[in-house]
Every structure is written in C-alpha cells, then in structure tokens.
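Read through the structures below before going on.
Both of the next two complexes hold subunit A, though its partner changes from subunit B to subunit C.
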Partner chain A sequence: MANKFGNSYGLTTLCPLINGHQQHTSFDKITRHRIQLLEENSGSPFARIPDTYFARLFILNDVFFEQGNNVARDHLQSKYLVFTSNFHGDLEPYLQGMWNNAEADVRHIWQYAVAFDKVQNAADFIRYIKRCQLTTTLFFNGSTDDSLQQQLKSLYVKQAFTEFALQHQGKPVAELRAAFKTFMQQLQIDNIETPSWQPGQTQL
Partner chain B sequence: MTMDRALDLYDIQGNICKGYGRFGFPKARYFFLEFHQYAGARAFLQQLIPLITTAEPWSEKDHPDQSDKPQATTNIGFTYAGLSALGLPRRSLDGFPLEFRMGMKNRAGILGDEGPSDPANWDPVWQGEPVHAWLSVNGQSRQAVVDRYRQIEQLLQQSQGSVTIRPGHKGPQGSLQPWQDASAVYENGRVTPKEHFGYVDGIGNPYFAGCGNDPSRLPGRGKLTRDDGWQPLATGEFILGHIDEAREYPIAPEPHLLALNGTFMVYRKLHENVTTFNRYVDRLATDFDGSRELLMAKFSGRWPDNGAPLVLAPDDAAKAELDQQLAQLTAKAAAGDHTAATELRALKAKWIDFTYNKDRHGSRCPIGAHIRRANTRAALETEKDAFNTPSALDDRRRLLRRGLPYGGEDETPADDTEQGIIFMCIGASLERQFEFVQQQWINYSNDFHLGNDRDVLIGANNGQLTDKHIIQVNPKQGKAPFFCTHLPRMVETRGGDYFFLPGITALRMIAQGIIDPT
Partner chain C sequence: MSNVAGKAYGMNVMTPLRWWTAIWQKVIFWVVVKTFPYFLKGLLTLSLIHYARWTIINRWSFPRLDKSQPKEKLTYSYMLFESNFNGSWDQYIDSFSFAIPSGLDMFWRWNIKYPKSIPLHDFYHYIRFNQVECDHYYNAYPLASANDVKSAQALYADLAAFADSSEALSDDAFAAAWQQFLADNQHSLGSMGTSPLMSTSNQLVQEHHHDDLQLAARQTQQEEA
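== the complex of A and B ==
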C-alpha cells in the first residue's frame, strides 16, 4: 500500500497532543475548538494551500471496539490530532506550500502537539509531519490526479461549454461559429487562472 | 426443508398482490380516518375486517369466469400516528423504520418536495397533525364504489365519534371533498390505460415469488439472471416477514405477527400541469427531428399511444412498421388464425420483456427517460459480470405501483384544474425502495452519469436553462444529440403520507388490542 496514486498523494498523520490542561480545559479540547472555528469553503486555510483536493482535521480521543474493549489494556497513550490530506504532487513541496501560505493557522492548530514548540520554519514542519506520518492504506482518490488549478479550470470549461451547447442548439452555422468564437475568447482556455472556479468555491 | 413456501394469500391484503385496475376495477375512492378514542376505534376495525379484500386468487380480467370477483374491494393502512392512537405498545411502535415514523411531510428534503410541491401547499387534509388511516375502495363501477363507501360510512356512524373522516381534498371547480375519487381515463366512453398527459401507463411492475399472478407475467417483470432469463424477485422485497433479495428479513416491528404479511405503502397525490406539458411539447416538437409522439416517447421511454417501448421501436419509421405488424396479426388472430395469435402474443411480450443491454448509449431509449430511471433493469452493470446478477443493483429498488389517475372528468384539464395521478407504491422498505428511487434516480443522475439532470415528467425542474433532458444518438451516426432545456415543473406533489398495511392476522390483533411484543 502506497501513499501515492498516480500524481495524487494521500497523507495521513497522527500528531500526539500534550496531556494536560490550561485553566480547566484540556489541550485536546482547546485544539478541537480551534479546528471547529476554522472558516469553511473559500475562507478555509486549505483553500489557500496550493493543490489541496480534500483535507480533514480531527481529534482522535481513544480506540473503540464494536464488541467492547479490553478496558484494562486497550487505550491510546495520548490523544491525537489527525491530519489527512489528498493533494496533487509530492509531500515536501506540499508541506512547504502549507507553511508558506498558512503558517499562522498551522501554529495555532498544532500549538499543543507534543514537541511542536521546536518547529521554527518550513524545514522543521516538514520533518515534524513526516515523523507523525502513517502509510495510507486503501487510498482512494475521488478525482483525477491533475493539479488543482487544472481540475478547477476543467470543471469550469465543462460547465460553461454545456451551457453554450444548450443555448445555441439548432442555430445556423454562421451564427454558431461567431458565437463559438466569442465564447472561446471569453473562456481563455490556456489561461489556467481565470476565468475558473476558485479553490473552496461551492457555488457560482 | 424447502426454499419456496406458498404464501398465505388469504392473510395478505389484496392490493399488494393485484393491481385492481388490471382486474376490471377502473374506479376508486380513497379517504382518510382519524381515531379519537381507541376502544371505539378498535370496535370499528373489528366490524370493518370482514370487508377487507385479501389477495385470494381471482380469474384474470379476460377470463370468462367473473363470478369469484367482488363488485368492490376495501383495503386499509395506518400511519405511525394512527397505530399510536390505536394504542399499540411503545416497543412495537419503536420498531418501525424511522422514515415511516417521520411521515412523508418530514421527508420533503429527500423527496424533492420544494417550491410548488412544498407541504405548505398541499391539500388541507394533509395540514396539521397526520391522518391516522387510509381506506381505499375500488369498484367495477362508480356505483359499486359508492355502495361500499356508504356501507363503511354506516360503520363510522356507529362508532359514535370514535372514528371520523378527515375531509379536505381539493376537487373540481375549487371544491373541497371529504374523499379523493380516482378513475381510469375514458376516451369516447371507453376505459383506457392512459394518464392525463396522454401516456399509456401501468405496464411495468415487479413479479415476486408467491404473488399468485399468472407466471406468463414473469418475463420482463422479475429479476434478470446471467443467462438472460427472469426469476421472481424475493417475496421479502414486498412483504414483511419473508426473506428479501439480501437473504435477510426486512426491518420490521415486533412481535413477528404484527409484521408478518404486512408491508408499507406510499400514497402521493401528484398533480399534472397538463397545459404546461402540452405547451412544452408543442414548442420543442418544432425543433425536434421526429414526430410529437416520438418526442413524448423520448421523455418516458414508451410510445404514448400503445406503450410500445423505445428499445423495440426507436423512431417513427420503426413505430409505423410495428403498428402495421400489430394490426395485421390482431386482425388475423381475430379471424381465428392460431399461428397469428401465437405470433401476436410473442410480439406483445416484447412490450415488457426487454433490457437496455444493446442500447448502452441511449440512442433508442434515452438514459434519462422515465422508465429507464425508475427501473434500470441491468443498465447499471456497465462492466461485464461486475455483480452477482445483472440487475443486482436494481432488484432492491423495485416499486409495486398501485395508483390510478384522478380528475379530468368534470373539467377540461389545464394547469389550474384538478387532475393527476394518485401514485401509490408498495415495498418492504420505504427508504431503500421509493425514497431512493425518488431522490437518486428521479431527481438526480449521478448513477447514470448525467450530472444533475432530473426526470422530465416528475422531476423537480424549475424552467432554468440547465433543467434539461438529453436525447442521445448513436455516436457512430454523426448526428447531434437533442437537448430539451428549460424543463418546467410538469408534476407537483399535492399531499400524501406513508402507511403500514398489516396482514389480516395483524389487523385482527390490532383491532382486539392484543399486540404484545414481550
């Protein structure tokens, strides 16, 4: 089982949280609260981190078994901040991009992770995440493995072209040609940035 | 041990195993009850039980012997609120599936009942607290319906207010009726199998093990086997207490006897905007390469006039040829030609015994056509031998349709007159069967790779550019597909709910107040 599937990468990390409290609130609770306050959609820090297809943060409290635990033994030694991300490309450039574009959010979220106080720069962050990394088993990527911008542009083109086809069905050839020319100019098919969908955007 | 055990058809309500329309009952009346006092309500039910029609075998419509058939039928179903009002024990009530306990109104988000179909716009009978019971009377004539209704009305009077009828069905000329009448559509005084848009309806319906129907009805109605044959669907897809297609017992309340031989039913009043439909078809037909009838067929998957499936006759020329063949064989058979009669039967069998296997691209029957959405047959098995059986993904989503058209008798159908279909369908799981089909296949198209397209006839479309239906073409013929854009809302929901149809034993126990889950 590999972390890569074509050009897509499936990152799974478990970062242990410090056992302890600050003013009656445990560090895992503070961390969970911070995650839950993150903005969604275009406002999400992940919308700023290049090439993120799909990312997720949550707190793993303990292990649970359907058929009841062996309560004497089956517990995790600490609580974990779980960070998973599906993205385009390789791990190091992705984490570099994460640090460069969302350093403040990263510091805020990971503040109570064990030994995170030693992380001072992108290189430290990359090293830290790699130490917490697990191999992603059963990795399934729900989209193509093109760059995010490429995928967003493709979706945009597909949608715009559908509407063009619907609007111009049955038009005389000359009119259709002229309209298509204008359409292609507006579409700027080689301009990957615009017009296009923006990362995190969920509605036109 | 034996795998197949005959069903006790005398313990199963008749409408589960029979579409009464097919047996010569073109008229019906549906009405809804409220229970105000449970001892009185149970006493009423005890008196009603002898009138309940079971699934006992009758001769088919064309059969010479009509003597074993009643003039009118009666069937009953209960909402969750109704079972509660009858004093069913808490533990039995809690065993009913969530969607049934919630009721149809609270499932509006799943069912696409928004805009004009929003429950706030439903008929008055559906406003406020849920109704408690559904009663249906089907008759060989309108008079037979009215006679049976009067008989039940007398029982209601005897209940001295313990059971009353909840009125409030919108009827002709702005009236409010205490009941919902339904009727087959008549043309020149003769019964037709049509609904108000002009399509022949009521052809496709599942065939399940033990249903008591003529085995000649199996091909095209059962489930597909690997060798292109048909087998009856498992009984448990349609009747509780029996094994289903997953070889499990369907989710059902306790005790076992409460569920055994019972099932669930959807009742939905679906208004048809006949003017909107006709205008849309007229406008589109001017651009469409083919007749108006072909365009209508490309919406539903069957030719409107005689229900011939598009896979059999995909264009106007093929349809003309088919009609000619049909006319010739019919004439010869009528003149006593046995060979012609056999050929005619074989030809008519093709109305139902087909798949979309040779029509992967939808150039015959569009992939988004109503019947191809509602019963995918083997079309979801896009890779060879992907599933245990070709129709595995469809076998758990089949719907036993039991509806009839309503309205159109006193007024010329338009958008603001009252006509449509009382859609009723039966299945062991409302959520897995009806709700899934309605949500995923009617109002969404991911499984068909058609994006957000919705069903032309009954989808929650809103007249936008991208509210569309695609009429596919053979990719090798170099023709362009035809886009039907700006689809309007042809059909609106005007009310309905989910009902539990108990077996006769359970009904008797409910009436006696002896349901005991412990």
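== the complex of A and C ==
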C-alpha cells in the first residue's frame, strides 16, 4: 500500500467532472476533446514538467464490464478525468513543478472538474490533487528510479558511446586513445544537463 | 490520443470485485510487497515493463469534492490496473499469460467474471472488454525501452569509471582494458532507433491528430461566423 517505490512515485487521481453541458456539448466531451488535442511527445505539457517519466489522461465515462443475470449493474453518477503519472521524487514538489511549468494547460484541462474553480495557485492545486488521489495498492518499478535528467543523460551516453565503439573498431591504439579522449570531453559525462536527450524526444 | 507513445504502450484496465474480496485482495498485495521480490520475480524476468500499478478503489472511495456532486451508489469496488510496457498489446498479454499465469490469477482471482489467464482466448477477451483507452499518453523517452534505460544506467557508471582508471595506462594496457571494457558492457550497447511499431503507430497518431486539429479549426470558424 504505497505510492512510492524507491525514489519513483506513482500518482493516481480520479477528478470528478461537473454533470452539465455548454452549447449542446457535455463537459466530459469538451474535456476529452481538449486532452486529445494536446501535442504529443516533446510538445506535450508533461515534457515541461520536471521529472515526469510517464503520464496519461483519460475520461472514465462509466464502469464497463461483462454484466449478466448473476451480477449487479453498476453505473457511475459522475464522469471522471483520470490523471496518472510516474515521476521521480515526492508529490508536492512535483505538483508545484506542474503548476509552475504548465499552469495554462492545467487550467484548460481541469476547467470543468468539480471544485476546480476554487484552485487559484500552486498550493490550491496541490490540495485539489490530493483530494482526488487514490492510494496505490501495489506499485511495480521495472525501470530505474534515477532523476529524469540522469536517465536522459545515460541514454544519450549509451547512444553516443555505441556509435563511437562501432566507428573505432580495429583502429590503432594511439588513434583510438586520442579519439576516446576527445569523445569523453565532448560527452561531458559529469554534466547531466548537456549534452543530453530532451524529454519526449523522438529523433536521434 | 493513443495508447502508444514511442516504444511504450499505456494500458488501463478497470475491473469490478465484491467489496469484501477487495479487502482480501489488498491483503494479498500487501503480502506481495512484503515478500518482494519472490512474487514479482516473474515481472522482473519479463523485463518489458517500465512501471505498473494496481489501485483498488473501494466502492465508497470515489472522490466526492462537493455537495453538488452526486454520491456514487456502487455495488462493487474496482481495481484499476495501469501499465507502461514495451511492445504491442498482443505481445504483452501473451508474455504475461505464458510467463506468470499463476501470478496473474493471484492478482485478478476475485475480480468479477475473471476467466483465469489460461486459456488465452478468454483472457484476451476479458482484458479487451475492460480496457479504457488513453486520451493522452506521454513518455519521456519514446526511443528507449525499459531495458535501454536500465542498461544505459549501468553503462554510464562503468564508462565514467573506465575513463578515470584508463588514463594512466600504457598504450598496450589501454588496448587490453578497452577490449575488456567492451566485452563486459556488450549487453549495454545498442542503437535506439525507432521501432516498426512505433513508426506505424506514430503515423496513425499524427493523422488522427491532424484530423482533430482541422475539425477544431472548422468549429472555431463556425463559432466566429
């Protein structure tokens, strides 16, 4: 019963949407459409939120399961905006970073959520998300729990070194050694900010 | 608006279970956590999962933030399963079913209408029926698999150590150390290009996204007119 696994955090939230509509379109449909129009990959608002490994948004309209004569029929009274995220670190600094780096997107996405009209600043947003949060029952981390910057730098190093090793197969040792020295200087292995991959990057 | 972001697939499955079995299910998960890694060894062996989680939502635990929001009147509690894995939907379900059938049955055994993980056809149907699609799915490293992230971490540490330790070596000793370093880290090397699944999916996403943007633009024009 824990939201954390090492330094990685699994956030699960169900944010109820207002039952209502605007110009013949229900609030859940407006919200879904807004989410679907978000830019993908490096253009996603989540690419701007520090330490986000993975995140997703979807609308839970109802509970759909194979019903039958021997089971009860359940239906939700509200539709829910489901927001979940896997990130490095603790919840409050993460949500603070979310507000600071993507406030306009957050306001746009959550506009029709119940009680979101009371959210005016980062502190309100943190309180709001905590009210919507569900405790993770079992959290499994099959990756690492390093900071995202460290993960991206490591991936950059892996890609760059693989290419270097391929290009220098069979080279005389003096040439290899000189090239390796130059390569390591360019790599700046202790500088995790640059050169590195960018969050959501889809091209090498 | 896709379940695919680069090499990762985002799965959401919401299944009902009776409120009292939900409590038992929580006990089982607690035991799994306490006895880790024995029970989760199968998941680690699969090695295609970045992060996965199970969240049991009691029928009285759906967030209610305001009196104006109607109260939920549910018969069942629910289990929300979310996973970020590499590969296709079929590959994932197949891997789970073949590698850890007993583990799957332990996690879902009390869920209403759960057919067990074998035979595969019924299990396919169960997951497909209860899956909820992502409307937006973000992956910080679309080009990398979970194994890439882990091997990159190992290579990063080894390369930094090798650069330091090899500096004072003679040329002959450096050549030997270089060969040894490559041999020791060969499993961590590899180029991370786009995968065929990623290319196809990305193309579809871009087409749908383009269509949606055009539709939104037309709606805006109509509203302005």
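Convention: the second predicted complex is superposed on the first by the 196 of 204 C-alpha atoms of A that agree within 3 Å, B and C clash if a C-alpha of one lies under 4 Å from a C-alpha of the other, contacts with A are read in each partner's own complex, and residues count from 1 in each chain.
By definition in this document, contacts are C-beta pairs under 8 Å (C-beta built on N, C-alpha and C of every residue); 3 or more make two chains touch, one makes a residue touch a chain.
Everything numeric here is computed off the predicted structure, so don't read it as measured data.
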Output check: A:Leu91 vs subunit B and subunit C. Expected answer is one of first, second, both, neither. What do you get?
neither
Considering only touches as defined above, state whether A:Ile30 meets subunit B (first), subunit C (second), both or neither.
neither
After superposing on the shared chain, does subunit C or subunit B touch more subunit A residues?
C
Between subunit B (first) and subunit C (second), which does A:Thr162 come into contact with in this model arrangement: first, second, both, or neither?
both
Where does A:Val114 make contact in the superposed view: on subunit B (first), on subunit C (second), on both, or on neither?
second
Scan A:Ala179 for contacts with subunit B and subunit C and give back first, second, both or neither.
neither
State whether A:Gly170 touches subunit B only (first), subunit C only (second), both chains, or neither.
first
Quick check on my understanding: which residues of subunit A belong to both its subunit B contact set and its subunit C contact set?
162-163, 165
Touching subunit C in the complex, subunit A uses residues 1-2, 8, 10, 12-16, 18-19, 32-33, 35-38, 40-41, 44, 46-47, 52-60, 63-66, 68, 71-74, 76-78, 80, 82, 84, 86, 114-115, 128, 131-132, 134-144, 146, 148, 150-155, 157-159, 161-163, 165, 173-174, 176-177, 180, 184, 189-190, 197, 199-202, 204
As the complex stands, subunit C meets subunit A at residues 1-2, 5-6, 8, 10, 12, 14-16, 25-26, 29-30, 32-33, 40, 43-44, 46-57, 61-66, 68-76, 78-80, 82, 84, 107, 112-113, 126, 129-130, 132-144, 146, 148-153, 155-156, 159-160, 163, 171-172, 174-175, 178, 182, 188-194, 202, 205-206, 209, 212-213, 216
Subunit B - residues contacting subunit A, complex
287, 465-466, 468, 480, 482-483, 485
Can you name the residues of subunit A that touch subunit B in the complex?
162-163, 165-167, 169-170
